[in-house]
Each structure stands twice: as C-alpha cells, then as structure tokens.
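Once you scroll down, you'll see the structures, which are given as structure tokens.
Heads up, the next two complexes both have subunit A, just with different partners, subunit B and then subunit C.
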Partner chain A sequence: MAATSYCSRAVAPLAGLLLLSFGSLATSQIEEQAEQFFRSGHTNNWAVLVCTSRFWFNYRHVANTLSVYRSVKRLGIPDSHIVLMLADDMACNPRNPKPATVFSHKNMELNVYGDDVEVDYRSYEVTVENFLRVLTGRIPPSTPRSKRLLSDDRSNILIYMTGHGGNGFLKFQDSEEITNIELADAFEQMWQKRRYNELLFIIDTCQGASMYERFYSPNIMALASSQVGEDSLSHQPDPAIGVHLMDRYTFYVLEFLEEINPASQTNMNDLFQVCPKSLCVSTPGHRTDLFQRDPKNVLITDFFGSVRKVEITTETISLQTDLGILESSGHTWKLLVP
Partner chain B sequence: MVPVSVVFTRESVPLDDQEKLPFTVVHEREIPLKYKMKIKCRFQKAYRRALDYEEEALSLGSMQEAETMLAEPQEQAEGSLTVYVISEHSSLLPQDMMSYIGPKRTAVVRGIMHREAFNIIGRRIIQVAQAMSLTEDVLAAALADHLPEDKWSSDKRRPLKSSLGYEITFSLLNPDPKSHDVHWDIKGAVRRYVQPFLNALSVAGNFSVDSQILYYAVLGVNPRFNPASSSYYLAAHSLPHVINPVESRLGSSAASLYPVLNFLLYVPELAHSPLYIQDKDGAPVATNAFHSPRWGGIMVYNVDPKAYNASELPVRVEVDMVRVMEVFLAQLRLLFGIAQPQVPPKCLFSRPKSEGLMTWELDRLLWARSVENLATATTTLTSLAQLLGKISNIVIKDDVASEVYRAVAAVQKAAEELASGHLASAFVASQEAVTSSERAFFDPSLLHLLYFPDDQKFAIYIPLFLPMAVPILLSLVKIFLESRKSWKKPEKTD
Partner chain C sequence: MGLLSDPVRRRALVRLVLRLNAPLCVLSYAAGIAWFLALAFPPLTQRTYMSENAMGSTMVEEQFAGGDRARAWARDFGAHRRKLGALPAAWLERTMRSVGLEVYTQSFSRKLPFPDETHERYMVSGTNVYGILRAPRAASTESLVLTVPCGPDSTNSQAVGLLLALAAHFRGQIYWAKDIIFLVTEHDLLGTEAWLEAYHDVNVTGMQSSPLQGRAGAIQAAVALELSSDVVTSLDVAVEGLNGQLPNLDLLNLFQTFCQKGGLLCTLQGKLQPQDWTSDGPLQGLQTLLLMVLQQASGRPHGPHGLFLRYRVEALTLRGINSFRQYKYDLVAVGKALEGMFRKLNHLLERLHQSFFFYLLPALSRFVSIGLYMPAAGFLLLVLGLKISSAPQSTCDQPPSGPSPLGLGQGWRTYDTRVRGDMQTHFFG
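Our next item is the complex of A and B:
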C-alpha cells in the first residue's frame, strides 16, 4: 500500500515533466511552422508611383508622390525596381520661388526632389495607356529597362496613385481618365500572367474608395484616403511658395513611415489606423477581403521596403580533380577514402 | 517517360529468371495537380542481358575502372538511364551498400538470388531512377503555381524561373582601397571553373558572364565586435539588410531583359577585419557566405593577417580564386535548382566531375524546366483566350495569330516528345512554346482601352443625336399628316 502510494507520487511529477517536455517540443515545432506560414512568400519588391496631375496648382500631388518615393528608397527598394511617373513640372516651373526644389513641409524643411530622383515617365508620357502598358507588360520592344515593370510571381508590388478623381474614375493630366473597371481588369491580367505575388494599392484622391471597389483578383490589399462621396483635403498652404504642399492622408502616412526602419516589425493594422477622421476630415478606407494573409501578419516592410530572404551557404563544390566517393546515410554525407 | 535500360550480369539473378530476358516493363505513377489536372510519370525499363565487355567491366576491382571501361562505346541520349545489376556478392560496391549512382547517367544496383528477384530489383531500380530523373518534389518545384496550396517550403521558392538566358555578374567590393590593394584573376577563374559549368548547362539557356570591381562600397550593416575571438561578426538576422545598399551600385545591363544573378566578393575594411558570418546559433559559418533566392550570393573574404606584418598600407591582396569559386559554384547550383535528390537508403554517390555538374543532374533540371515551360505556355494561352472572350472588341493582328498557332504546335510537339522520352527535343520545343506564347500575350497591340459602360454611352450619344433627331422627327410627322390630308381631299370634293 505504502509502496504503491509512493510509486504514484513519484510517477505523477515524472509524468508531468514528460508532458511538459512533449508540450514544449510540440509548441516549438508549431511555432516554427506558424512563423513560416505567416511569412510572405516574396523575394523582391517593386513600386509603381504615379502622379496624375500637372500644372502649378497641383504641386501637392507631385510632392505626395516624391515623398512616398523617398520613403520607399530609404527603406531599401532600389531605383531599378521603382517606376516613377510624374509630370515633373514643379521643380523647374517659372512660378517656383525656390527653383530645383519640391518641398513637402511648411518651413521648407524637407526637399523631396533631392539630387537622385529618377523619373521614368515624365511630363506627357504619363498617360493612361502608358500606365496600363507598364502594369500589364504589353510594352513595345524598344522600351528601355528602366521603364519596365519586370516583376515575377514572387514580387510584392506597391502601387501609389494620387491626383484628382471622382466616383469610379481618376483623371490623368487633365485630358483623359482611367476607370475603376479598367484598373481591375489590368490587375486581373497581371494575376493571370503571375506578375505579382501580393499587391498593395494606395490611392489619395477624392472619392478614392471607388477605385478599389471593382477589384476581383486575389492577393490585393487596397487603401484609400476617402470614401465615395467625400473629398480628400489638402494639408497646409505655404505662404512663401503659394500653394498647398501636401495632401492630408499622404502627410500622415509619411509621418508614420518616417518611424519605420528596414528591421521594424510594424504591421498593416497600424497603417489602417493612420489619419483618423479627426485629423483627415475624410474617412480613409481599406479593403482586405481579397488578401489571403491576415493584415496583422503583414509587415510594412513587405511592401515599402525590400527585405530579402537569405540562406546561409553551407556546402561547397570541390574543384580539385580527385574522384572521391560520398556515402549517403539518410541526409548526412561522409567522405570515403578516394 | 524516362527510358531506363537495365543490364543484368551473369550471377545477379537466378537462372530461370535470366531465361526470361530480354523484355520490357513499364511503371507508371500519377501526380495530382490543381484543377483536377494530373501528370503521368512513366518509367520504361528495358531488361536485357549484359554484353561481354560490360561483364568484363563490372568484374573489375573498383568503380572508377569499371566506369571508364563502360563509358567508352556509347554516349547516352539525354534523359535516358542505364542501370547495371551486379551479383549479390560482388565486391564492386562496399558490402553494405545496395546501389551506386555514377556521374554519367549510369547506376549500379545489387542483384538478389530470390524467387521474386525481378520485383525486388525492379523496386530498387525505380528508386534509383527516380533519384536520377523525376520525383514528385522536382515536379512540385517546377509547377509551384499550379499545385494545390502548400507552398511553404524554401526549396520550392529558391530556383530561378525558366528563361531563355541568364546574366551572371561577379563583383568585387573593396570598401577600403587605402588599406587593401585587391587583385583577382577573374578572367582566368571564369575560364577555368565557371565556363565548363556553364558549358555543361548551355542546353538550359544562354549565359553571359561579366565582372566588375566596386570601390568604397560598404555593406548596409555595421558588424559587431566579438571579444572572445577578437573578430567581427555579422549576425544571421542582420543579413537580409546587407544587400540593399549595395544593390543600387551594382548596375545591370540596360540592353538585356534576362534575369541577373549577382555574386559579390566582399573584402572587409581593415578596421573590421576579420569578419565572419554567424548562423542562427551563433557559430561562424564555414564558407563565410550566404545567398538570396533569385538574386545571387555574397561571400566575405578575409585577408590573411600575416600580410599586414611586413609591408605598409595599402597591402597587396591576391584573392585565392579556387576557394572563392568553390563557394560561388555551389551557390550557382542552388540558385539554379540543382538540389540534392532524394536518394534511396544505402546508396553511394559519386562526386561531381570537375565541371561541378553531373549529367543526370542536368537531366533533372531539363525535365523540370520542360514541364514548367509547358505549364506556363498553356496557362498563357488559356488566359489569352479568356481575355478575348471577355473583351470582344480587341482586334487580333495576323502576326499575333501566327504566334498563337506556333505556340500551340510547339506545346503539342513538346508533350509528344516528353511522352516518348526524347528529352532534348522536348526541352527545345517547350522553350519555343513559351517564347511564342509570351510574344502573343504581350503584344503591344492587345491593350484594351475601350471600356464603355452603358450610362456613358447614353451620356455621349444622346446630346449628339437628340437635337438632330427632333427636327427630323417633326418633319416626318408633318409629311405623314400632309399625305393623310391629300388622301382625304378627293373624298371631300365628291
């Protein structure tokens, strides 16, 4: 009796220990699997930044686009992977009191034009046709490499558009417009040809949410600065330059991005909270139903930065000309005497 | 279909089984894909008795001699395999090894004296043949898009997609030219080590190699000092951020649209020497190199500390190209998807030849690439058809139509050649299918900019036609009334 009670008392902690060790093994395995599951499957990043307005009073749209361009470059995407479409008539405009600069902040703190801007489509080349050609890849063979979107099925693409828009359309350079259905069809053609792994679409125009209503291809996440029926407002006029310098939504998105560095783990849910109605006057919207992963597992750097997957190289090829014979037992290799 | 010819030596199987030779056995397997599609994998084994010189070769003492004797008479077609079955007690293989895979599409399997000899040996042969040509993971990697969703394996994402050509760039990064005067004989190294490898791979595409030296190019991460070994190290989690600042300076050829593979050799600055790369557990990596899928590889080359003693700065550094090329070639193999095959247990492997590539590894690559090309071409053509079905006012020009016809013919030819086991012509046909289908799909004339919603149609045409229509209608009414009046008139005067 005493023996059995002693045994049972000893067995219980032992069993507890065994269960604990199994549990920890199982959880560490599950954790590793879960970590792999939530990581994005991309190997490179691209960005297509489009400003669809021209003329001096649309200064803020060019400043918007250039600020996003700067952030994206700072977080690691190289110029060869950015397609920048701008009317580019601000910096050298005769009405610009500070030539060769484009400022994004009052008191002229930040010159976003800088020395190393690389504009791929400038001035009258920014048309609906060229934009759709870049997206779908139907480019004439004579186009240089810098004007192409050479993405593949493992690319995450960020598409940022800004300008004047309405319910279901976006105005390009005051002469033509692109409708939300054309945009949705272009994305579908990209998906058919597997030209992207995941796509983040950000639009900062009036009634911006109407532009993403018609998307139907998988793996697209969309953000807009205002809902249908609302106008997106600009942020602050600058008395020295005489125009509004930025739009509110992009201004607060940029403030948010300034705190991100390439190693940060901030996720998309924080980006959705940027610019609430109290600051922005319009209601920013987002759409995630086409996206497969949960937004809280999507890192900001998955789209805005370029964090590569790396693997340590563990094996080498021997370049000596002896013909040794290797033995395989399971997955370990042993070298036999040559 | 993989043609395998199985050669039996005299004491490998019981005598009555030997009487049944020669005959052919076909082994088929189906692999399911998405959308209820399947791929059939067929191994056609042609059994025969060994010829005299083969018997002689296989009774020699060591594997090398046997191989040299066997290799002489014939060169085998791509995609086919030859398996030699030797007797159970032969000393050609070490005692506990059941099979051996050679560098040139040959393998040796031990026979057995048993009633069910053919079945048992048949299974062993299938295992060896699968390791040398097609397995489910090889096809899975090639068809990553088209398989059901379970793609969370890095092996499947690492290789480059199939393309007509590739550009390989070797770059030497010297951030500290004041201290190190680095020289590397890249031309000689490429000629001696890389070119043979690329020549062996030349069936898979056109390769162009270039090299450059970049000065004052630093890595994006500051290495940390490890006082225990008085060296600097780069932790594993900081490696992903190393590449980006360098990439903008690497440059790429403006003219070609082929995918680029970059191989960087970094000689750390004097202040940060020696520099080691640590893996996840904190141990320094033997090769001091890492690679990124679909991009390339980086290796850190530490200058020998003895070189600093004698002379003043800058110290002349001659890079040991053999060590460097060993790592780069290994990375090149991995990036191309020449992965380690799943070997059957108790199997011996021969070391790759001096080119770094065994012929059956090339075959594996070609099988995978052909299947991948076929899948890509068929999806491209299907999506083109869907696009045309949805948007009816696209005009198809004649040259687009001829590309489509050519693509379809090439797909059919490639499928036939694959089924009959001619790997080389199947691969060429599949490449042609992909180029034609891509040219048809990406033709600039197919851009659809003609979206007209119904309300916009009304909004455009009504203001145009309504003002014109009003006087026309009114005058029609007037004509009708007048003609009615003229009919009524004769009645009245009567």
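Our next item is the complex of A and C:
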C-alpha cells in the first residue's frame, strides 16, 4: 500500500516533467517556425525581365525572356510587380509562321507568349536609359504605374537580362550598350535608395560573367550563362519556324523552374548546378560573395515566386528580434512586441 | 632619315632600280602571272561561308510538292506558245490570276541598232507578264523576284511550269515579309531589261516600254531560272553580269548550302565540284577561275541576272542541265531548293552587303577575294611603273646632239641638265 502510493507520488512529477518537456518542445518548434517568417527578410517580390535584341533572328532572346516571365508569374508574382521589357515583337512578326505565339521548344508544346502577357516596355522603348531609370526610380512623373519598379527595402528583386553581349557590355537594340560598371553603379544607387532587400541577377549572353564582375553593393547574387571568353550557345533549331527557339542556359533553367511550385524548398545551390558544361557547352558562373545569407538557405521561391507565408497557430508566441538577421540586412527597425 | 627622304640613299636606290630595270620588269611580270595562277591553290582560296547573320543556316523545312502541277502547266504553256508563236500572255495572265497573284502585263518594243539580213532595221516587240504575291502581314516595302526568261529559241516552258507551281505554293504560306514578283519575260534579256527599266523608272537603253501598273517595293534579290527539261541532272549557276559585275557572294553561298542540303549536283561554269583538292582539284579550280575571268572580261551578262545587278539587285541565274548521267532530279527537288532560298531571303532585313562584291571562284565552295587577287594585277602594273621610271633617264642620258625631240631649239639643251636633276628629285621625292 505504501509502495503504490509512493509510486503514484513518484510518477506524477515524472509525468509532469515529461509533459512540460513535451510542451516546451512544442512551443520551441512553433517559435522556430515563427522565426522562419523572418528568415529571408523580404515581404514582397519584384521581377525586371529584359530582352535587349531585336530582329527576327533573335527570336530566341524573346523566347528566353518570356519563359522566365511565365515561370515567375506561375509562381505567384503578379503582373503589377513585373516589369517586362521586350525589344521586338516576335509573335506578330510577319515572318512568324505561327502568329501570336512564341515557342520555347521545338515540339511546340509550350507557347510562352500565352494570352495574358503584359509587356511594359516594348520595341524602341527598351533603351539603356529607360532600363536604368526603371532600376533607380528616376522616372518622369507621367510614367504609368505599370512601367515603374515600385520596390522598397523589403523587396526581393529578380533581374533577368538576355541578348547579345561581350566582355563587359550588353548590347541594346543593335545601337547602344550598357557596361558592367554602369550596371554596378545602378545597383549601388538602388541600395542607397533602399530599393531592394536582396537582388538576384541572371544574365544569359555571351561572356555573361563579365557583367557581374563589378558589383559592389551588398545582398546581390549573380548568375551568368558563360564565362569571359566563352559564347553562350543557342538551342532548339526549328525548321518550321526557321530560327533557333531558345538559348541553352535559359532552356535548362526553364526545365528546372518547371519543377518548382510555390511550396518547394529547393534552394539556390540547385540553381547553380543547372546546365553543366556537358549540356551547355559554355561554363555557367555565379557570384555569391556579396550575399549575406548562405545560398543553401535561400529558396528559389524567394526570388522567382511571391510566396505568402501563412502559419496558423493555436497559441500565442512571443517573437524574439533576431538581431543576427537584422544586422546582416543592414537595416535598423523596431519590432513592436506585443 | 627614311630611305626616300635621304638624298644620298635615294640616289643609290634610283641607280639600282635603273640598272636592274629590265630584270626587275621581267621578275615583276613573272611574279604577277605566278600569283594569278596560284590563286586556285589552297592557301589563297578560302572556303565560302555565310556572312549575313539574318540568313543563318539552311534551317527551314521545305514543303513544296507541286511537281505534277508544274509539269501540267509546263505542257499547257508549251502548247499555247507553239500555237501562238509568241508568249501566250493571256493564258499566263489567266493562270497567274487563278493561282491568286495580282497580275500585270507590260509591252515593250525596241529597234535593234544593227541591221538584219532580211530587214534594214530589226524591230523587236513583246510582252512581259508578272504576278505579285503580296506579303500577308507586312507593308509592301521590299520584294524578291523569281524570273523566267522566254525567248524564241528557248521556250523554257518547264521553268514557267515550276514558277507557277511555286507561286501556288507560296500563296498558301503566311510567313512572307516581302512581296514576291513572278516575272515571265519575252525575248530573254530584252524583256528583262524593259521590265527593269520601267520598274526603276529610268531609260538607259532607249527601250520603248509601257509603264508598269503594279509595283512591289525595292527589290532585295532575284533568281532567274532556265530549265531545258523536266528532269535535270545538275544545276549550273551563272554569276557574271553586265560589265563583269558580280552579285554579293552571300547569294551564291545561299544557293550552295541549299544544293548541299538537298543533295543536288550543282556546277559552276559547267564544271563539277572537285571532291578532293589534292589530285586534280587545283587544276580544275584554275580552269574554272580562268573561265570566270574570261566571262567577266567579255562584259556580256550571262543570264537575266546580269541586268538586275546594274540596279544593285543581287541576282543569280540557275540553269537546269539534262545530260547523260544516271541520277536525275525532278522539278520537286529544284522547287524545294528555290523554296528554301526564298524563305531564307525572306529573313533579310537589309540588302545583302555583308559579304564580298568582288571575288573569283575556283569552285562553288571556294572563293578568292579582291584583296588576294589584286596583288597579281599590282605586279603587272609595276612593270609599267618601272618602264616609265626608266624612260626620261634614257633620253636624258644621251648627249645633246641634233634638235631635241620636242623641237624647242638651243635653249632646251642647256635647260636639259637642270631638268634632268629636277626630274630625278621630283620623281622619287
């Protein structure tokens, strides 16, 4: 009798301890999840997609840009947050045997033009000046809203550029060029004006790696389709249309992006592996030294999608200000803790 | 001091040149001839390549399959022509309209400047018939021409049949960005010249031609077709034009790549392409090159294309030859090559200007550019230069005896030595 009462008295605190431990485990899990809200530090996503070359034989550059546009829209970034600049109209070019379509694959399965494409800068409006104005925000007051990059310091921006390039420059419209120094300075202006939280820069041109060599602003990650001295090659020759439909690097990036959905946890390291030299013939390069976070912690959807994080909890959580994240992003802000 | 500005060394150089004048002339002449003959051999010849980025490779899908229609139309055309004795313009107009083109005719006449054995002055008159295929979605700013010359001795009816079949096929496509003009001319080159003059609104040969009712914009390129029968064993291409003018090399490259793609046997100057360049390749190349030089030197346009070149319209003439060879190609193969060429020309944004305008062809896939064949001419002209340089010395060296050649009398004699000195300094200074 005394032994059982002794046991029950011993079990109760044990049970209590166990429950407490479980409870604390559970709350710490929820807190961990809550902390994941602020892991990336951004609250909205923007995309600036630029195709800089015109003429029918540069069909593939328009197809490249439209493929990225399609992926970005599919993953959640709305048209109001995408600035799409296409230097020429391939879908309605008189030479297009399939009018109102732009294909990215020679099986004609994917019409990347679609029926809800919104081109913000078209034809001759795609100039170096307009591009830099969009990035830096120095836009005349009469510019319509769809042509503005209205990003703030909590925006993650994806900038994709394609066209003909060389060592240190990218050709716009066969008549002017933007140099890597101008681009780096534009990004620095964006940083100083607090126009981005993090920036992902992807470029698919010949000698693309030269374009990101000069960046010096923080929180920029860059990918390029080829190193200096290498040419980026085209892919998908199509005899029915008579031109090459895509460039190799963007073709494989598109294939990679087609596997991503808004909930996927694929990180940037996987994107760096896309299109090895055996498939791409050129060597894709990337640059992450300016980026604060580790690329393996950066989700693809941090830049390519607009994922709203929603977690439903049944208990209250006290949020800790994670000074590590705040300090690394270089912002000072006050968290109002209830 | 430089060689020519130092008077002592200049005089030494002059003396050397004058002393070795004859050997230098012979050497220079031999070098010129040797350089010219060496043009056919590999280091000086280069492989042809497409320079125009817009035309790219032969990456098009040819879908022409109108061989039977072409032959049927060719038979009809031949029959009508024999009945009429001249170009059956009404029949052509009807057929082109049924295919869906905008048809216009043009009549022309010309009094030939040389007398005929039967008449005092020979008057030639005829009609050209042409149909325009308008680009479905583009403004009619540019055009391409496919022309078939019909003469009294060469009826060329198979080519007319192929032209009509191609027109019918092209009419069903939506990817044309330039208008295509299908032109059938009478009296061969006379008709072509009349049409071109009226199209460009000039009158250089004194032809009386009615003005053209329909136009289609600036002509970017033209192809002339001559077929002797409905099966061909090879396609011969002619490039030399009026006064030896040549079309842009890219047009020839385009034709050559489509020959390769379609497996057609294509010849230049009637000579087959050498398969290997080690055995008798270079000699054959030399022969082709010399033939081309002779044809250019004659100044005659070797086909209707020669007349287009004067208006800076790149043009070629393709001749189908039926000889005793085992493998024959039918009209569909020729039609496919033409379709491919026109589809690629459709991609052009500007006139052909990226490739060479002056070249020599030892073979269809090899060319010699002007930069490489000019030194041969330069060496030959150097002979004249050397001879000129030696001439005043020879007259001035002789002692003044008798009246001077210019008959200027005594004063000239004393002037002579001063002039001689001046001439020396001025000639080489």
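What we mean here is this: the second predicted complex is superposed on the first by the 270 of 338 C-alpha atoms of A that agree within 3 Å, B and C clash if a C-alpha of one lies under 4 Å from a C-alpha of the other, contacts with A are read in each partner's own complex, and residues count from 1 in each chain.
Just so we're on the same page, contacts are C-beta pairs under 8 Å (C-beta built on N, C-alpha and C of every residue); 3 or more make two chains touch, one makes a residue touch a chain.
Bear in mind that the values here come from a model prediction, so they are computed numbers and not experimental data.
Trainee: Would you sort A:T288 into first (subunit B), second (subunit C), both or neither based on which partner it touches?
Mentor: Neither partner.
Trainee: Which partner chains sit in contact with A:N44 here, subunit B, subunit C, both or neither? Use first/second/both/neither.
Mentor: Once the two structures are laid over each other on A, A:N44 reaches subunit B alone.
Trainee: Have a look at where A:D185 lands relative to subunit B and subunit C in the superposition and call it first, second, both or neither.
Mentor: The first partner, subunit B, only.
Trainee: According to the stated criteria, A:P94 is in contact with first (subunit B), second (subunit C), both, or neither; which is it?
Mentor: In the superposition, A:P94 touches subunit C alone.
Trainee: Decide which partner touches more residues of subunit A, taking subunit B and subunit C as the two options.
Mentor: Between subunit B and subunit C, the winner on subunit A residue contacts is B.
Trainee: Is A:N219 in contact with subunit B, with subunit C, with both, or with neither (first, second, both, neither)?
Mentor: Neither subunit B nor subunit C is touched by A:N219.
Trainee: Name the contact category of A:K193: first (subunit B only), second (subunit C only), both, or neither.
Mentor: Only subunit B is touched by A:K193; subunit C is not.
Trainee: Would you pull the subunit A residues touching subunit B in the complex into a rising list?
Mentor: Those residues of subunit A that touch subunit B are 36-37, 41, 43-44, 76-80, 128-129, 132-133, 136-140, 144-146, 148, 150, 152-154, 179, 181-182, 185, 189, 192-194, 262-263, 306-319, 321-330.
Trainee: Show which residues of subunit C lie in contact with subunit A when the two form their complex.
Mentor: Going by the criterion above, the answer is residues 53-54, 56-57, 59-61, 135-138, 173-177, 343-344, 346-347, 349.
Trainee: In the complex formed with subunit C, which residues of subunit A make contact?
Mentor: Residue list for subunit A touching subunit C: 55-57, 92-97, 99, 237-240, 242-244.
Trainee: In their complex, what parts of subunit B are in touch with subunit A?
Mentor: Touch list, subunit B to subunit A: 63-64, 97, 145, 151-152, 154, 157-158, 161, 193, 236, 238-245, 247-248, 252-255, 257, 277, 279, 285-287, 289-295, 297, 299, 322, 325-327, 329-331, 333-334, 343, 345-354, 356, 379-380, 383, 386-387, 391, 441-444, 446-449, 451, 453.
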